[in-house]
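Down below are the structures I want you to see.
You will see two complexes here that share subunit A, one where it goes with subunit B and one where it goes with subunit C.
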Partner chain A sequence: MLGRCISAEWMKLRYSHIWAILVALPVISVLIGCANFYMNQGVLTKEWYSLWSQVGLFYGEFFLPILIAICCAYIWRLEHLNKNWNMILAAPVPSAGIFLAKWIVVGVLLILVQAFFVLLYFIGGKTLGLNAGLPQELPGWLLRGWTAGLTISSVQLARSMRIRSFAVPVGMGLCAIFIGLGMYVARLGLFFPHSLLTVGMGVLSQTGLSCGENPVFWLMNILYIGVINTGAIWRMRKHDRVA
Partner chain B sequence: MSEIIATYNLSKRYGDACRVKNVNLSVREGEIYGFLGPNGAGKTTTLKMILGLTRPTAGRVTVFGKGLEQNRRFILSQTGSLIESPSYYGHLTGLENMRVVQRLRDVPDRNVEEALRIVRLEKQKDRKVAQYSLGMKQRLGIAMALMSFPKLLILDEPTNGLDPAGIGEIRELIKALPQRYDMTVVISSHLLSEIEQTATSIGIIHEGMMLFQGSLEALKNEKLPTILVKTQNNALAQELLARKGYLPARDGDFLAFENLGDDQVAMLNRILVECGMDVLRIEERKKNLERIFLDMTGKGGSL
Partner chain C sequence: MGLVGLELYKLRRKRLFLMVILFLAVEIGWAFSATSISISRNPGSAGWEALIAMMSSMNGLFLPILTAVCVSRICDMEHKGNTWKLLLTLSVRRGALYAAKYVTASLVVSLACLIQAVAIAGFGFMKGFEQPVPVLLLLRFLLGLVITNTGVIALQQWASMTAKNQAFALALGMVGGFVGVAADLFPQGIRRIFIWSYYTGLSPVTQSYASAHIQFVVRDMGSLLPVMVALTAVGMVVYLAGSVYVSRQET
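What follows is the complex of A and B.
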């Protein structure tokens, strides 16, 4: 059942402009990050780690959450237009299937984006003449970044499902970035979706999570995803929708 | 014949406005049920409640004899629908739009081809739907509803946006569905002529209330015919009859009487004859459906 929903969802992404966003935003973050690194080589002496601090800052802190918000808004916009709600709600599939299919599709897109980003990071580093080996924390950053990305996707999908406007949920996502930054500074980074991304990808501090923090990180992600997805599906079942 | 759709005191309230009030709708197997009402009468809201797209504030719905809430997926798997205006993804081609529905409904490829052929969109199937005309989108919507060749087909204003040839074609298609594919069809319209030519059974809704439900024949017999009387001197006759409590209207050479039973007609005749007034004609005029429909829903009520 879920498989059918996912394959229908995948079909809808054909010829879509969303692919341009998925490519452009990582490229922009890596370009800005590399330029910053190049111009400040005097202070940024830790090779790949320093490059990550620059590239990751723009990507993990700003462009990735924005990319997720746009992606989620787009994927619901398809249904908000042309009375498509009537069609998907009259299809013999459970409401959970419709929501989860969208969430999983966004998750798959995020894997592609993460992979593309790390490739750009590698190319950028080599172009800048870094010779040391890649940081061993890199896979962990990517995996935790993806997981936090899934949490943010849940939040943004739930918002974009309710709000017909494309821009409003994206704007709310932008606000959440700054709230997340505040939470991180206040050392509450493990308790807010957007700062989970900051923490998980190690963009502001590359020291990694302590043994105590690591389980909290995973637990908070699972908790957020579980609660928000369940809430959104419940809402879809219980509330009338104006197509 | 078993009952395919039944609603029991179905009501929908938005804030203070009651959009649908105590509607008891009944559709039997193999029927083409015409759901008729002026714009804003509550047709779409009722159909949406039957499909579970909108939750009723009171009352309940059964489809195929099963409660909607508990058997939603089973019912939807046997039901094709086109509600409000057609749903489509404009950036995809007609065929790809069909594929989206195909995947959601899990039907074989030949159903897709067959449905496109029936609505005659095979040649346009590789064009982006954003470039389709309204009529073509409507055809695509009908093809999507037909795709699984469901037991129950619900089409909300199916001929919207079609040209006269297209309207005729879709009308013939709808008429053929019950025999060819064993379907039960519900169509809604605000045009009596549309329903009159296709439906075997009709329901008339106005301001959220069901005013009539039954066959077209029963609707025609719902109202007593108008009685027309012609006499030697209509003016004098009118005066005479007014004294006895009859209040006819002048209608050309005739006096027209509404809602008269046979006894009253005989009495009227006797009064005139006894007064020495020659009665030249007594005729009855059946009301046409248009007239009955307008009387029911009120000319002022339609938007």
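What follows is the complex of A and C.
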């Protein structure tokens, strides 16, 4: 049943042109990050690590969370339009299937975005003449970034399901970015979804997570995803929807 | 005027103003905490100029996105409710409807700017700045914001009205926010092209890195005046182009 829900979600996205946004935002992040790296090569001397600090800052700190917010808002917008709530809730599929299908689709889109971003990072680095090998931490940054992205997706999907407006959940997502940045500065980065992305992707510090921090990172992501997804599905089952 | 009143009436249960206030609370909180840290590290830097410069640079990031959200909210209710046809059966021109939405968006965003100016004055007063509240600087700060907003709102409205999928309009706002915050890193020739760079470009106070310390320099109004006039003209052109384009579009 979940497979059929996912397939339906893919079909809904077919003519949405959402791919244009998924492609454009990483390109802008990498372009600006590379330009900044090129202009400050005297200070940024750690080759790939320095380049990551530049491109990752814009991408992981600002663009990716908002990109996730836009994707989640779009994926629920289709249900908020044309009284589709009535139709989808009358379909012979469980509420969990509907919500999880959307969450999985956003997760797959995030994999594509992450892959595209790392490709651009590699091309950018090579164009700038970086000859050393790629950082060993790169797969870890990407995987942790994707996991934290899933956590943010849960938050945004739950918000966008509840709020009928397209723009408001995106705006709230932006506010959350700054709260996350504050949490990171206060050394509480492992306890807030948006700062989990900052920590996981090594956006502001490339030193990596310690042995104690790593399990906390995964635990917090699982906890957030579990609680928020369960809460959203429960709400979908128990509360009436205004179509 | 009646049309603007109706637009505001439609917004009454949309909680748009609540969202604007929350958004501003985050921005103002962030700007003030950064300024407080700066003052505690360097008490000599306590002054209105630093505060206005900080708020201007934060506006480069926040206002394009706030504008995108507000404009999208105002335009999307017609897409979502499928009410364009209903509106167009009334005896009003499409251009007038477009203008009403533009004026409404401008009022909401200008109110946000006014709240910022009041918050700046309040913060400086609380921190016990030695100089009196610089009314003229704050007015210039507001003027710069309003002029930049005229163009940004026109652009966002065009995007929000043309594409039903608001993801594009919000992505545009996000790119704008990014350009706004990074504008000072661009060469001047490139910076001039982007309308979002004028949030800092028209700020009455700028930062100078001539010596080891950051210095805040109050800009001469005469040097900003031609830019303000040119930007207003650009805003009007974008507005007219958007209005004509949307008026000819089939709904």
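Rule of thumb we're sticking to: the second predicted complex is superposed on the first by the 243 of 243 C-alpha atoms of A that agree within 3 Å, B and C clash if a C-alpha of one lies under 4 Å from a C-alpha of the other, contacts with A are read in each partner's own complex, and residues count from 1 in each chain.
To be clear about the criterion, a residue touches a chain if its C-beta (ideal position, glycine included) is under 8 Å from a C-beta of that chain, and two chains touch if they have at least 3 such contacts.
Fair warning: this is a prediction, and the values are worked out from it, not measured in the lab.
S.K.: Go through the superposed model and pick first if A:Val43 touches only subunit B, second if only subunit C, both, or neither.
M.R.: Neither: A:Val43 stays clear of subunit B and subunit C.
S.K.: Go through the superposed model and pick first if A:Ser16 touches only subunit B, second if only subunit C, both, or neither.
M.R.: Both partners, subunit B and subunit C.
S.K.: A:Asn86 in the overlay: touching subunit B, subunit C, both, or neither? Say first, second, both or neither.
M.R.: first
S.K.: Have a look at where A:Ser7 lands relative to subunit B and subunit C in the superposition and call it first, second, both or neither.
M.R.: first
S.K.: Using the touch definition from the top, say if A:Cys211 reaches subunit B (first), subunit C (second), both or neither.
M.R.: neither
S.K.: What is the contact status of A:Asp240 with respect to subunit B (first) and subunit C (second): first, second, both, or neither?
M.R.: In the superposed model, A:Asp240 contacts subunit B only, not subunit C.
S.K.: In this superposed model, does subunit C or subunit B come into contact with more residues of subunit A?
M.R.: C
S.K.: Give one of first, second, both or neither to describe whether A:Ile28 is in contact with subunit B, with subunit C, with both, or with none.
M.R.: Second partner only, subunit C.
S.K.: Based on the superposed arrangement, let me know which partner A:Ile179 touches: subunit B (first), subunit C (second), both, or neither?
M.R.: A:Ile179: touches subunit C, not subunit B.
S.K.: Does any part of subunit A touch subunit B in one structure and subunit C in the other, and if so which residues?
M.R.: Shared contact residues on subunit A (touching subunit B in one complex, subunit C in the other): 16, 81-82.
S.K.: Given the complex with subunit B, which residues does subunit A contribute to the contact?
M.R.: 4-5, 7-8, 11-12, 14-16, 78, 81-94, 238, 240-241, 243
S.K.: Any idea which subunit B residues touch subunit A in the complex?
M.R.: Listed in rising order, the residues of subunit B that touch subunit A are 48, 51-55, 73-74, 76-77, 79, 81, 83-92, 96, 99-101, 103-106, 144.
S.K.: Tell me, which parts of subunit A touch subunit C in their complex?
M.R.: Going by the criterion above, the answer is residues 16-18, 20-21, 24-25, 28, 32, 36, 39, 58, 62-63, 66, 70-71, 73-74, 77, 80-82, 164-168, 170-172, 174-175, 178-179, 182.
S.K.: Note which residues of subunit C are touching subunit A in the complex, please.
M.R.: Contacts found on subunit C: 14-15, 19, 22-23, 26-27, 30, 62, 65-66, 68-70, 72-73, 76, 80, 82, 165-168, 170-171, 174-175, 177-178, 182, 185.
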